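Both complexes shown next keep chain A, but they swap its partner, so chain B is in the first and chain C is in the second.
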Partner chain A sequence: MGGTGKSLKIVAGLAPAAFAMGILFIGALGLSILQSFGYAPAYGVSEFPTFRFYERVITEEGFLLSLGLTFYYAIVPTVIGAIFSLLLALALMKGFKGKGAFLFLYKIPMVVPYLVGVSLVILLFSNGGLIARLFYHLGMIGSPSDFIRLLGTSSGYGIFLVYLWKQVPFMTVMLYAHLLVLDHRQRESAYLLGAGPLQRFFHVTLPGLAPALFSATLIVFAFNFGGFEVPFILGAGYPNTLTVEAWRLFDDPDYTNRPAAMALTTLILVLSSLCLALLIGFYRSWQRKWGQL
Partner chain B sequence: MSGLRLQNGVTVFDGGGQIGPVSLDIPDGQMMALLGPSGSGKTTTLRMIAGLAPLQSGQLYFGAREVTALSGQARNVGMVFQNYGLFPHMTAEENITFGLRMKGQPKSEQREHLAWILEMTRLGGLEKRFPKELSGGQKQRVALARTLITEPDVLLLDEPLSSLDANLREDMALFIKDLQREFNITTIFVTHDQEEAMMLADQVTVMADGAVLQQGLPPEIFDRPLSAKVAEFMGAANIFTGRIQGINLQTPFGNFEALNTEGAEAGKGTLWMVRPEHIRLFREGDKGPGAVIKSARYHGGFIQYEIEAHGFVLKTRQNSDVSFQQGEHVSFQIAPQHFWSFPEQDH
Partner chain C sequence: MSNRLTALQKVLLSFLLLAFIGPFLPLALASVSFRWGWPDLLPSIWWWEKREAARLPLAWDYVLDPVSRLLPALQNTVLIAALVTVIALVLSIPAARILARQKFRGKNAAELYFALPLIVPEIATGIGMFLIFLQFGVQGSLFTVVLAHLVPILPYMIRMLTSVYQELDGGMLDQADLLGASKMQRFRYVELPLILPGILAASLFSVLISTNVFLLTFYMGQGQVETLATLLFAKVSSGGALDPVAAAFTLIITLPGIFFLGLTARSLKDDVFAGGLDKG
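Moving on to the complex of A and B:
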């Protein structure tokens, strides 16, 4: 078969998936962008092209707070999760009793839905939750409601707990798999050349792990930035993340608010893409410095 | 004076099995080859000396200093790994100065040391390159420079030539030998290539199944192997059972005179060897016992023949200036001093 025939066969094979993808993803994305610019005849809005909806969401009171909170909920658990995962992956490289069982158990949260994590956090950490009751029974607090408030506040501790519970195993799997294939002779060379444990970690292991660490961090950050259900259930209500605000507008009985919801969604997409582009640019410059490009 | 002495060194693997007891003794400033097939314990012995594999029992000395209980770092040993173990994210210069930086040496001294080692290892002009931008030979030199710049007491090289192209091997072997002499550093290198061992080493230790079979000068190992196992590994090829009576040796391929009879008991069948290059072939049929050429293989500067005499097949190696045809009748000679009876007869 000639080159053209082979290409045609590949295109034909990919066509059904590409078509479904086009309709479901690109079509939906295009439609939401069109709606954000005022093309929403189904909702009685036909002002295309207009920036009115963008102007509205940006100038709305609390927008900056929501923006800050979105970054806060995305960055903090990502950074904490990356540090935990790194430590856990390094610990897994050592032999210890029960390692086989631990290697199985620590991955379980990856296959459990986020909403189960949310339920667990409510059961355990709410003011009437198991830990609050335990503290009460131990006489450490006067009543379960005196337990420190972790859920439903802008501090986002509950949200972080769910994200960490779910994402630390994911990041650990990526880092541990990468650690297993890192050339141990580099670490041994560093050891014989006089490098201490921290020097070996920062000069040899961490640069070697950088590709996996970067990929894992990027995926988790992108998810947390656009995450909706966890801040919606465990967040403070006001202020809340941009995604929750977009949902609030979309779910409003007044359908003419939907273009504003789409404008907010498009903004989230643009911000998220900008962040990812910045992170990738930063990583590429690091790779250039390390001679990897 | 001994540069390195390992006495009955034993290491045990996590999953069971052990290497040793291994004993080595290398004179100061000399180079020893640890020679043996894959899985014979050569690299593990190297790791035991480097402190990367625990020394379960035995003693290790660098010169007069006992280092048995010291960590690998405290032993002041340098090791170059088979795939070099270079840090891919560092330039050649950063790789080379790594040890100095880790020890907190001032930058001015680092620069001085760097200039000196770059000259010694002929790496000038390559210092800003990353490992992926270097050839195999250049990577090898960077790895050597990185180790030697820290001035170790003992240098360990794990299969230093195995990753190189055939045409680079000899150059690199000579380069390593020159460098080792220049630094006058006690060196052990691991190889499974007997030619490499002969070319580089002052001393050769043959290992198999986690134990030392023989240690000695290259000609000793080559010409006077202690056992058939060592002889086979050194490419002896012709091992047979013979009976000695005085100086008369009865072999499956004829009767000869033999001189090296120490390992043989008179009248009793014992294992002997003769090296392929010590059998001389003649076109004329009256120079010695007769034989027929079974096969001929051209190897560049020489031709390897298989000859059959009295139903026994012998391997020989002849210069390629005279060639014999398959099926040709020849005669052959073996000088009495070239028969060797193994002092250790177990096979």
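Moving on to the complex of A and C:
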């Protein structure tokens, strides 16, 4: 087949999907960025280009708090989740009784909506929830109000629980899949050369797992950074994450607030892309330094 | 290097199993309770004890009653999932064939482009998409929800089908060519049967994502399109105590995922979940 025929074939094959994504995804991003700079004639706002809306959301009282919370809710469960997933994936490499059932059951949280996790956390960890009742029966607390408030506060514990419940299985699936195809000869030769379990882990297994660990962490971080329903329900009424604040502004009966909501979502997008770019850069340099054996 | 679990690993596995699956037991109890007040560890009055006496349907009676709108929500959920899966397949199959078989300049860029929605927060695209539909005056309809669901689904679909095509034996297709099959015949009688298991797995995964996506459904639906996810959100969004009906909804919305796991336990290999950016 000639060169033109081939490239025509390539374009024809990729075009439908690329076009759909172009309109729905790139177009959507473009339009919301345009609105954030003041192009929203539908709401009687057309002062393009203006930075007014960015100025407004950034100088708003509580912006820095929201920003901090967004990072806090994104980073903490991602790091803790990565550690748990690593330990779980390593344990799954061993043989044990009931492993087949375990491999089925542990994936259940991964395949249900986040809202299911929210329901379960409310049932177990609210002040009148089952864990608090258990504490009562153990004689440790007297009434629901004695129980530490885990939900509806900025501490984010309830949010972390839902994220960990959903994401530890997700990350484990990715790590376990990678472990299965990893070359075991290196580990074995390290063992024969007298390396201890910790040495084997840090010098052989971890570098080998790094790509999977990295992409799992990246996806989970990006999700948590922009997650909506979990902080909306289980976080504090105010302040809350940037995503929840953007939702509030967009949901406001006063439509002229919508460009401000767009400014906030654009900021979320820029910040999350920056973080990802930083992580990728960090990962690449780490890989150059340690990745090759 | 022993292949036995250490004591710590045993503790970890038991703890995680309890944490992942354990909470479903009290959830099931809550769904059949009538009163489960502080500080009882078990419901003090069960649903069936009050069933006859109550004037309004309780717990599961309510859930299964038309009043709960569960049936229309279920219909919408299934319809949206089916439509988006068909559209995603039609868009993804040609793209996956190219990505798996052809080498060309900009291939990495194309792969990155198709993976982008994985790393962009939903809210950033959700509102923009809503505005696009608003421009065309089609907001708040089932079809806009379907289109919106394409964004989180296409990246996974293209990825899964690309790996299906990579494993496909190209020699079989060449044989069909040599035997004089037309392009349609070759696709219909050789290619399709070979990729069918992969297509099935990708379709199920797409259905799963579609039933789980909340924010996009909520935005595009504008309260006009009720699905299982929006119904559950309405029930738990206050963050207060979980009533029996909310517990029952939660159980129902868990079922598609469990079906998915059961159906794909054999056909879907774990490595398709290794999605992301590391694949070169």
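Keep in mind that, in the parts below, the second predicted complex is superposed on the first by the 284 of 293 C-alpha atoms of A that agree within 3 Å, B and C clash if a C-alpha of one lies under 4 Å from a C-alpha of the other, contacts with A are read in each partner's own complex, and residues count from 1 in each chain.
Convention: a residue touches a chain if its C-beta (ideal position, glycine included) is under 8 Å from a C-beta of that chain, and two chains touch if they have at least 3 such contacts.
From a predicted model like this one, the values you see are computed outputs, not experimental measurements.
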Considering only the touch criterion stated at the top, classify A:177 as touching first (chain B), second (chain C), both, or neither.
second
Touched partner set for A:189, first chain B, second chain C, both or neither:
first
Return first, second, both or neither, reflecting whether A:168 touches chain B, chain C, both chains, or no partner chain.
second
According to the stated criteria, A:207 is in contact with first (chain B), second (chain C), both, or neither; which is it?
first
Which touches a greater number of chain A residues, chain B or chain C?
C
Please work out whether A:198 is in contact with chain B alone, chain C alone, both, or neither, and reply first, second, both or neither.
neither
Taking the superposition on A as described, I'd like to know which of chain B and chain C A:138 touches: first, second, both or neither.
neither
Could you tell me which stretches of chain A are touched by chain B in one complex and by chain C in the other?
95, 188, 191
Within their complex, chain A touches chain C through residues 6-7, 9-10, 12-14, 16-18, 20-21, 23-25, 27-32, 35, 42, 84, 87-88, 90-91, 94-96, 102, 104-116, 118-120, 122-124, 126, 128, 130, 133-134, 136-137, 143-144, 151-152, 165, 168-170, 173-174, 176-178, 180-181, 187-188, 191, 200, 211-212, 214-216, 218-219, 222-223, 225-229, 232-234, 243, 246-247, 250, 261-262, 265-266, 268-269, 272-273, 276, 280
Footprint of chain B on chain A - complex, ascending
95, 183, 185-186, 188-196, 199, 203-204, 207-208, 290-292
Touching chain A in the complex, chain C uses residues 1, 3-5, 9, 12-13, 16-17, 19-21, 23-24, 26-27, 30, 38-41, 90-92, 94-95, 97-99, 102, 104, 110, 113-114, 116-129, 131-132, 134, 147-148, 150-151, 154, 158, 208, 211-212, 214-215, 229, 232-233, 236-237, 239-242, 246-247, 250, 253-254, 256-258, 260-261, 265, 269-271, 273-278
For the chain B and chain A complex, residues of the former touching the latter
14, 50-52, 72-73, 77-79, 81-83, 85-91, 98-99, 102-103, 130-133, 146-147, 150
